[in-house]
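Each in structure tokens, the structures are laid out below.
Each of the next two complexes has chain A plus one other chain: chain B in the first, chain C in the second.
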Partner chain A sequence: MFYRLAGVHHTRYETARALWPVPADRWQVAIVALLALAAPFFLSSLYLGSYLLPWLIWSAAALSLTLLMGLAGQLHFGFAAVMAIGAYSSIHLARFGVPFELALIGAGLTAAVIGSLFGAAALRVKGLYLVMATLAMQYLVDWVIINVPAISGGAQATLRTPSVSFLFIPLDTLSARYYLALGWVALVAIFFLNVKRTSFGRALVAIRDKDFAAAVIGVDPFRYKLMAFFTSSFMGGVTGAVLAFCYYRAVTPEQFSFNVSIQLVAMVLVGGLGSVIGGFLGAGFVLLVPIILTNLVAGMAAAGWFTVSSNLLAHVPLMIYGALIIGFLLFEPLGLAKIYDNIRKYFLVWPFRHSRS
Partner chain B sequence: MQLEETKAADAARLHPGWKRDDHLLALLARNARERPTEVAMRERDHGIWQEYSWAEYLDTVVSFAAGLEEKGVGPEDLVLVIGDNRPNLYFSMLGAICLRAIPSPAYPDTPPEEIVGQLKREGIRVAIAEDQEQVDKLLGARESHGEPRLIIYDDPRGLAGKEPEGVVAFTSLLASGRERLQREPGLREALLARPSVHDVAILLHSSGTTGVPKGIPLKHGHMLSGVRNAAAAGYFQQGEVHMAYLPIAWVGDFIFSVAAALELRFTVNIPEAQETALHDLREIAPTLYFSSPRAWSAMLTRIQVGIAESTPFKRWLYDRFMPFALDLERARLDGRKPGLLDRLRHGLGELLVYGPIKDQLGLSRVERPYTAGEAIGEDVFLFFRALGLNLRQFYGQTENCALAVAQAPEDISLTTVGRPFPGVEVRIDDSGEILVRGDNVFDGYFEDDAASAKSLRGGWLHTGDAGQFDEDGQLVVLGRVSEVVHTRDGTRYIPTYLENRLKFSQFVKDVCIVGAGRDFLSAIVCIDLHAAGQWAQENGVSYTSYAELSQSPAIYDLVQGIVGKLNAMLPAGLSISRFVNLHKEFDPDDGEVTRTRKLRRDVIDQRYAKIIEAVYAGDEEIDFEAQITYETGQTGVIARKLSIRTLEPATGGRG
Partner chain C sequence: MMEGRIRPAHEPVLVCENVSRWFQGVHALKNVSVTIGKGEIFGLVGPNGSGKTTLVNAITGFYPPQQGKILFEGKQINGLKPYRIAEGGIARTFQNVALFRGMSVLDNILMGRHIFMRPNPLASLFYWWWAQKEEIAHRRKVEEVIDLLQLESVRDEHVDVIPLGLQKRVELARALSAEPRMLVLDEPMAGMNQEEKEYMVRFILDAQDALGLTVLIIEHHMDVVTAICERVLVLNNGSAIAEGPARQAISDPQVVEAYIGKTRDAA
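Moving on, here comes the complex of A and B:
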């Protein structure tokens, strides 16, 4: 219905392979981009700072993880630790007086190096064993951060982020922090969309599908698995730094605990493995749905529709939320991205069921 | 030399109004001069569209002409052109025209013996072929007949590097032509100045419904006046986007894709292959679209099948809006204007149903959709008009460049084909035959003075169609004069008229009405496998083959209903009393229909004589073996027991 394809023809393969060859898709991207750019002007600081900003940053985190899990097929249950390394590195670098821009890159590099070290385990082990190896990374990193005062500032300590500026714009206002997060997530998303079309992306997909088959066709699994861990960890590290500076503005080890790793895996799975829009939708779902459900249940209880004890009230949304995730995995194992894709195709072939041309 | 000059003077005397230098090449040169970079032609190749600008167009045509002349092609030499639509075939045709040679196009699926016939009749020595398949065919002809001595091919696949003797690549001829142009300055202008408006630009052929095809030479002037008449009537506009997917041997393609395209600077778009034509149509979304009634009907079937298997909500929407649009269109044809509420509802329908359907088909930008050739079904005509396409009919023959009469956008009717174009005179003679006169009417058949004299008696083209003018002065075409047939009791009828009305049903692909000199009329029906197969699926009728489906009782009931519906509308004595479903389709390879799918009655009468006898003997069924010819030329047989149905006498009709 909204998708009009008549007259769309290509005279070069480059345009036929463009990211969005369909005009209606381009319009959707443009509208979403415009809304995102204009958000500080029409959203209250509560919504901007407490909903939209974390959504964007966690989307970037989910995209970083889905590069590893969705494209390269390497499970990672310790991604919060990668982000923690990025967050702590950037704060310490900034405190040493390193410019913030460089601190971000430093955060990414530190996370990438340490992440790749643990990723090296992936060369020997697969599946559940890789999960164990990455879990070990989570606990080791947690332990090191808590027990090395030089990093955490002492047990139970909270490190405040120093005030910094990015490209001469001080990150004191919410809008400035919002735009930095928006820029970063846009960068990650564009990188991800394009990486799928490169030889690197295709090599990762080959390894995901069968690593020794990939080796037979000339893709070196050793090299590409390490590259996947490196790239993903780099993006995760920078995202951790952005999370620390733009959202939390102070870091404690609990912010990057094991639960967070599990949440990230949930975002990737619920959103849809290896999909960009899935990264955004998954992060939105995992982050926002519990809040919405809590408000809803509390609102209904306050309106007197039913009475619940406050103890139960804290758990009801979580129960519904758990049921939703199970439901998604049951009915649409390919995640929210697949649901979006189905809806898009429903309109793409409108008013028929299949393409007629 | 003397002789040539007299001939030229004679030709000029025929059409004193034509200016000598007003020819196709001059128009091409004008376009290349005024709009060198504008896209003149597009061809889909390996999924993307290759574009040719007017400057490249002219350059290729002139270079090819220079190369072709080196091979010894000169004025009035005939050049066979065979293949699907390809830019290089158009370029080479114009290159030959530039040398005052005459391209003689043939349908790509013409069998070898017909090719040999054409080569012999027209003394052709040079051929331009699309690909290896056509080259092989021509090499076979050379073995039996000795000609063509030179074959030029376009698609190098399977040929490049191992060409047999006398087979040359289009590209190599082009290269030698380019060299020659560089060697001889001034040759380009000289070449472009050679043709004259009085030259024969192309030799087309009658479809050969009866006997051997006749050659129909059309001059530059005929085609240009036809195109200009049509443009004056608003039939074409400047700069149309046009889809060239119909065979180049058909008059319409040369007129639309070359003559009108050069005169009015069309962008001509060529699909990747015949099979992808509908897909490629959507990528281009032309502004001008011509299709035969049969193809429009197939498109309607495609939509209906698509909706029938669509999701419930979309089907519900379609059922809300499509019948409404049909009612609205019927009212509009009756001259009633829709109210505000109806217009609002129609606008909503445009957004939800009509627009998306047009987009899916690639017709969303079409402003001038046309059909011609035979009568179009009321359902089909109304449907596309209801979708918002201003579908119009026109009428013409190869002899008058297919541009004689057309419907105006504002007064459309189902039964008429409209009014003559300005500059074209049409009248009906005493026997009821349609006569046409104008600058677009040809000057006589190729080397057949008897036929020319017969056809052009008194300066009027005798079309052979029976027709009449209705009260508003619009032309109504009834059928072929030669096809008026009498039953034993002397009742007059035109079989095609009845056949076309039966073919309006999507389930009937072909039908042949039999009844000349008989007591009653009967029909041999070929069902449409696509539509009838879909219907069978929906109604739980199982089948494995065309033959089995055609003989299933349920399909017989279906066809009986269609015939019965027609009988109810016909006068007494004209109803169809018995019919038989044939277990194979009529096929041009078997000679039962022409390549343009017109029936060859003598072949059918002779081949199916046994069936016809059984029908008139009152038998209930008959064992029959049908001959079939495979594309390789081998023959086979399909045997089947066919049942024959008798219809209850319709009210007013006879039994």
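Moving on, here comes the complex of A and C:
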């Protein structure tokens, strides 16, 4: 079949550590990249702006979170707050006249500093206690944003993003905003893949798997946990800014509430912890499946298969969606990424049945 | 043959002076003193619960002793964090294999190079211009260890799927790739069959020879202990009951008593 390891020989350590050593994987990545680049030319603005664009941005958010939760193994239930810090600081920086490129970096740094401050406080505890500590961050940040008019623009206020340009391209058109989001998520994905094959990623995984064994070969657990919080919060902050400028274009504190944090955790879990493709699949699942289910149920009702009240129609997709998440956690705890991996391995060893892991 | 291995003037590498450790009411180590010489293979034996692992944990910084001093190459190391002690040149393996289960064999061994690497998110981001060179350089070092321990065939496997004997060997490889001057092995042959045991002994001797290591080894297989250890320390209930050349120490009446009881108990 098309997946073949035969003929893939490594004569240099560089190629043995290539991102996609198997030609079939390279083809898939190239095709997906081309489709993503060409999307504004063949997708209607409805699909581009309301489905693909948020999917990409939330994928970047899920990847930021899975660096912390999947690689470093530190649970974080307040990641929407990190994104809120990024969104609000980028807007204020841009309004202040800071070039948008720098505002994005400023957003990342603000989120990273505040995120790792909470991280440092939270790192004395593990597991469920860490969840509580990060929840506290969510509520504290929410409270500060809502109650400090200088940040939120007043109670119940909506803060519009100023019009900006990125590298001399004004972000007024949908396709410009789409390409910025695409560029960011591609950068995040490549960064994540590189982290996984370098010493930084290995140190994080070592702490997650066996912290005492990590310490005994020279990893300072506190330092690397903090680095994980910093890096992840930086990415989350920039993603929050990209979300504000490319998608929402007007932010309110509710857009970054506790529900959103839970959605992010769901994306990471359903997608598969610590996996890049899992980040994309998880974000797609959590964002798009409820919409698809609603359309499906409404469509079947319209076709006269059964009758549903509008009240029931509002809830049925949510129920199916909840059942799906429970199903995933029960039957494939490693998430959509594992399902993808199983299919890939099936083709890799085809026509035989078993691969070793 | 063993007599030939004993070098008379050992320069001391690791010195424990009156080390004591309590866990609440349990007095796990009672004034244990021991000196291990450079290049020596030193055995630590004793019945279950006698404090062998506690002594090793005290040396590697997990359970710092409440009393006493531990010197490594003349510098005091008790009170240092475990990762500091690792940076100082002591590597160890664990009784229950403590590999990183989410990683491949190669990545696990590469982890041993951590103290020589400069992990940094920016280096990862600019992989091709920054981190790659370092990764490759350390990969070469790791491949030497893989060669030495004959792990070539499994280097790309996940550590989960290889047999226990190999897992223990991977753990040894990880410790060796940190280029330690002292290696602490906590029951490296527990749960192994005879063949795996012989391999392991061979590898420990090879590594000690090739890298000029000092080895502290906890082991229950007395055949192994008498075969490779120059001297042993016998612990019982947290106190040292015998010390000296391996055969002599384990035939000490007190040691026999600690292991299998007194003759009059047998009745």
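The rule is short, and it goes like this: the second predicted complex is superposed on the first by the 351 of 357 C-alpha atoms of A that agree within 3 Å, B and C clash if a C-alpha of one lies under 4 Å from a C-alpha of the other, contacts with A are read in each partner's own complex, and residues count from 1 in each chain.
The working rule: a contact is a pair of C-beta atoms (placed from the backbone, for glycine too) under 8 Å apart; a residue touches a chain by one contact, two chains touch by 3 or more.
Given the structure is predicted, the values throughout are model-derived calculations rather than measurements.
Residue contacts after overlaying the shared chain place A:Arg124 against neither chain B nor chain C. When the shared chain is aligned, chain C comes close enough to touch A:Gly201, but chain B does not. Of the two partner chains placed by superposition, only chain C is touched by A:Gly218; chain B is not. By the touch criterion defined above, A:Phe191 lies against chain C but remains apart from chain B after alignment on the C-alpha atoms of chain A. When the shared chain is aligned, chain C comes close enough to touch A:Lys210, but chain B does not. In the superposition on chain A, contact is made by A:His10 with chain B only, not with chain C. Ranked by how many residues of chain A each touches, chain B and chain C are led by C. Touch criterion met: A:Arg353 reaches chain B, while chain C stays clear of it.
When the two complexes are laid over each other on chain A, chain A has residues 13, 356-357 in contact with both chain B and chain C.
In the complex of the two chains, the chain A residues touching chain C come out as 13-14, 17, 191, 194-195, 197-203, 205-206, 208-210, 212-221, 224, 227, 231, 274, 356-357. Interface of chain A with chain B (complex): residues 1, 4-13, 16, 346, 349-354, 356-357. Within the complex formed with chain A, the chain C residues making contact are 60-62, 81-83, 86-87, 91-92, 94, 98-103, 107, 110-115, 117-121, 123-125, 127, 131-132, 134-136, 138-140, 157-158, 160-161, 174-175, 178.
By the touch criterion given at the top, residues 42, 44, 47-51, 278-279, 281-285, 302-303, 306-307, 309-311, 314, 317-318, 351-353, 355-365 of chain B touch chain A in their complex.
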